[in-house]
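Each structure below appears as structure tokens.
Consider the two complexes below, in which chain A is the common component and chain B and chain C are the respective partners.
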Partner chain A sequence: MLYQLALRNIWRNRRRTLLTLSAMIVSSALLILALGVFSGMLRDMLASATEQYYGHLVISSKGYQDDRDMFRHFPADLSLDAVLAQDAILGTSARLRSFGLLSHQQNSSPAELLGIHAAQEKLVTSLQEALVAGEYLADNDHNGAVLGSGLARRLNVGPGDELVFVTQAADGSIGNDLLRVAGIFSTGDHGHDNSLVLVPLAWLQSVLVLPGQIHEIAIRTDQPLNAAALAQRYKSNLPDSLEILDWGQMLPEMREVVASYDVSRMIIVTILYIATGLGILNTFFMSVMERTREFGVLMALGMKPAQVRSMVLLETFLMGTLALIFGVIIGVALSLYMALVGIDLSGTLTPITYAGGTILPRLHAVIETSNIIIPAGCLLLISLLAGFLPANRAARMQPVVAIREE
Partner chain B sequence: MALIELQSVTKIYPLGNQEVVAVKDFSLTIDAGEFCVLAGPSGSGKTTLLNLIGCLDQPTSGDVWLDGQNITQAEQKTLADIRLNKIGFIFQSYNLIPVLTAAENAEFTLMLMGIEKNQRRNRVRQLFAELGLGGLENRKPSDLSGGQQQRVAIARAMAAQPAVILADEPTASLDSQASEELLELMKRLNEEQGATFVFSSHDPLVISHAKRVVRLLDGRLVSDQ
Partner chain C sequence: MVISIWTKTTVIFFTILFQLPGLAWALDLSELIRKVEQQYTGQSSISKVEMTVVTGHWERHLSMESWSLGREHFLVRILSPAKEKGVSTLKVEREVWNFLPKVDRVIRIPPSMMGGAWMGSHITNDDLVKANHIDQDYDFSLLDEDEQQWTIMGIPKPEAPVIWGKIVYQVLKDQLVPLQIEYYDEEDVLVRRILFDDVQTIGDRTVPLKMTVLPLEKPQEKTIMHYRDLRFDVDLNKAFFSLGQLKRRR
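Then we have the complex of A and B:
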């Protein structure tokens, strides 16, 4: 009957209960949505940094990622099966890198050339999805080039145009050769759009006079946020001359952004729920004050203070649970809409490059369990906390004083 | 042995910087099965005495004994247990729980005592039949007349078959006909079931029905007839 009594007490002032419930539902639903969008933004940034260029993990000669020294290469046929044949690894891409001058007619620009196998690279990065003109490299492409939109604009080239690349080769000679523009990508990341060019690995090995050699193997995993632990696990299986770095080591600023995300998330949750909690506290205090006389009667009839406290807490718990159910349903529905459809802001905003990643001009959510569990759990907790003070007040009343209250 | 015994009881309430003596050096003994009224004008200490007997308040000095147990210094939890198991309350303004039906109100104390649902229902059905409340089990208090509400309050007070039923001005909110009916009913319960009733009232009708009238004035015993 205590449960029945609590449930009926909730509905005795329907308007007030519905107003409080709607505040609780809206706050938790919006919080789930906001955290989903926030996670989406973070995921976009992380993806722009890792899935457009770096990969989640990179194997290279020790020190190569610090100075990108052309001579820190290793054989492409080095057996790394112990590392690369893991379940968590979704794809690997062998790469050779070179920096040099790219020219078209009278225009020239410094550029970073990344020699790749097109089929492998597609498993690690997603530049093929950012094409704005032409096509991605074909598997058997001999001298195709896919370059960033900023670089293409500077060189004034389009698909089919010829480019000349000049650099220093490993044997001390001047390496140069012709490329043909296959496609143009635009990621929103100014660094990549203004300098990066993807070329066939064999073509670059030939230009640099580094046959059969690569600088790195980029790896994509199914656990990007767990990349550091994976790197640690795979390290022992590598030859001494090689090292494996996770994206956090290559992009320390991005690692800080991800770390600060959890703090930011808790700050948002705290601020929103303090406001919601005060609203609930107000409602329950009013409800308890209004029923002072009734609590006196209940205690006169033999109800113990602990039972009175439990009854009021049960009321807050029931309201919290009800709000939680509807809040989660609405919040997840809104997040799903934002995940599947989202809002495109490219008409009014341009991409922002920050900490090695790019914040895209779109509102897009991802569904993460923690973004649902944290708001739901906090809502229930705040309901109980907000109910505790009035419940305690009710339990401490002297029946003889309470009964006299009008 | 007396059911209720007050020995030189004094109750003083603080009122701002002053003190109000509600009951002074008051002694009284009430036996089981009595139908007793504490009579007196407003402020004479009737309600204070009922509160002391009903374990809702504790005396400033003196001793209160209920069913052989000294309750003067008992803890709140013990007092709550005594109220639940030995005392039934009937209030002036009924004080039914508005969100519960008439039957649920009546079985509330039984529920607190942990009595099983079927047993509770049977007891309440029997009481409602005796009190002329048959057919009103599922009505909310707001759908009942004053007289009906007070009958439900009596059912609630009697449900657990307490040692004593305390009624604070039970007819104050009723018209004369409903008051008469209620008093007859309580008298019948007293005579047929041996229930002990202690009233507070200044209503001549209530006083005329009482078998024992304890008159008070300014917190002191004036007469006991």
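Then we have the complex of A and C:
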């Protein structure tokens, strides 16, 4: 019976109810969209750092990631099956790294070469999706090179052109050999676009005189934000000379960005919902005040204060639920649109590289359950909180006084 | 009136008297350092050099042939080991090129790589380019003097494009050859020491034929250059120091 009363009360003043409802729906829908876009930006940043270069986890000799010392290498035939017997792993890539001078005719530039197996590397990083010219390394290519667009511009090369690489090999000799440009990538991250070159692993091993050796194994997991826990789990299976680092350890700034994102998400939710909550509070206070006489009559007829309180709370709860349903539907729909289509801002903005990741000039949402559950849960909570004060007031009324009120 | 003229003349005389030695010293020091820095090149030179490079990971012996003309032209070619035979470096003014016979290509060293090791040694490309300008880029002062040697300090001139924060030379007085040169970085930390040894007279010059470069951050590492056959004032002209000559294999 309370339920029916509450429903009727809600519909008695439709205009007021609809106004309040729309405020609740719009605020929750926009919040879901905003958090989705925010998450999308963060995901882009994290992906640019990990999925274009580092990988989510990296196995290397102890200390290698601090100084990138060429001599901290280990045999490529290390068996990973015992270490990574986990279905969370999407791909692993063995890599050898070298810094040296890359040259084409009159132009030369320092470069970072990453010796890789194309088939393996594609499972870990996604540079193949960032190609602007030419092709990715073919599996059987013996001296192909995929280089960043900035580097290609500085050297004035395109696909098919020849490059000379010179560096100091591990035996002290002057390692040098020819490469042929296979493709050019552009990620928006100036650091990588201006210096990174992917070359076949066997080619680089021969130039550096490091046969069968690698510097690191990069790993991609299906749960990037869970990488630290995975690293912890694999650590015990590794040989003593090796270590496993997650992206948070390689990019501590990025870890802080993720942490600060969680805080700023709560701040946004709080501010927006305080405003929404005040609106709901206002509406219900008005409706309770208007119905003073009615409550008096109900109580005179024998309704207990607790029942009156429940009835008012039920009204706010029903409105909250209704707003929640529509808010989530609209919010998810908007997020879906932003996820599938997005808004391209590259005409007015350039990519920003920050904390090792790149924020791309686009508005693009990702749908995460926490971005829906948090706004929805908070909306319900805030509508109950806002309903509590008016409900209490209604429950504490003296029937005799209330009936007389005009 | 007469007295005042005399006074003035006396003042001027003494001023000149006291300033001249200082002036003369400043010129001398710069000239001395120029001589020290160009002891191996002279007007022109041809030499055979043996270079030993020791690092924590490997030890290498290279033999090289080099030609120089004045302070701006320099060509060196590796004779052994076989793997690097024919690798050459050409320096003309402030540019450095390397020739790599294995791939048959010449590459220019960009300004950003000038600090890189030359031929895998502890000598940088910058040393090749800038050492010859040290007397122009630094101001020198006499730190100490005793029976045998001068200790001379070089501080970079305000606008000079230099890599060292301070250079301290110890120069033997009687032979006018360096005993040791110490290089300090911009934080005034001693980072490199070059020791000279095996002083010989070649023609009318006295030259230490052995040079040991010690990078002090890596105590176990060193590069030793030993001149085996050094001849000065040979018949060379600027045309010899060309990219064509760089690529010529022996």
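In this section, the second predicted complex is superposed on the first by the 405 of 406 C-alpha atoms of A that agree within 3 Å, B and C clash if a C-alpha of one lies under 4 Å from a C-alpha of the other, contacts with A are read in each partner's own complex, and residues count from 1 in each chain.
Methods note: contacts are C-beta pairs under 8 Å (C-beta built on N, C-alpha and C of every residue); 3 or more make two chains touch, one makes a residue touch a chain.
What you see is a predicted model; the values in this text were computed from it and never measured.
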| item | value |
| --- | --- |
| Room on chain A for both chain B and chain C (clash or fit) | fit |
| Touched partner set for A:Arg8, first chain B, second chain C, both or neither | first |
| Chain B, chain C and vertex chain A (Cα centres) - angle in steps of 10° | 150 |
| Touched partner set for A:Gly279, first chain B, second chain C, both or neither | neither |
| Partner chain in contact with A:Ile174 - chain B first, chain C second, else both or neither | second |
| Chain B versus chain C as contact partner of A:Leu101, first or second or both or neither | second |
| Partner chain in contact with A:Val400 - chain B first, chain C second, else both or neither | first |
| First, second, both or neither for A:Pro305, with chain B first and chain C second | first |
| Partner chain in contact with A:Phe71 - chain B first, chain C second, else both or neither | second |
| Nearest Cα pair across chain B and chain C, whole Å | 83 |
| Overlap of chain C and chain B interfaces on chain A (superposed complexes) | none |
| Residues of chain B that touch chain A when the two form their complex | 51, 54, 56-57, 76-77, 80-81, 83-85, 87, 89, 91, 95, 97-100, 104, 108-109, 111-113, 156 |
| Chain A residues touching chain C - in the complex, by the definition given at the top | 71, 101, 103, 106-110, 164, 166, 168, 170-174, 176-178 |
| Contacting residues of chain C [partner chain A, same complex] | 53, 55, 57-60, 81, 83-84, 87, 98, 100, 102-103, 105, 107-110, 112-113, 116-117, 119-120 |
| Residue numbers on chain A that touch chain B, as the complex places them | 1, 4-5, 8-9, 12, 293-294, 297-305, 307, 399-400, 403 |
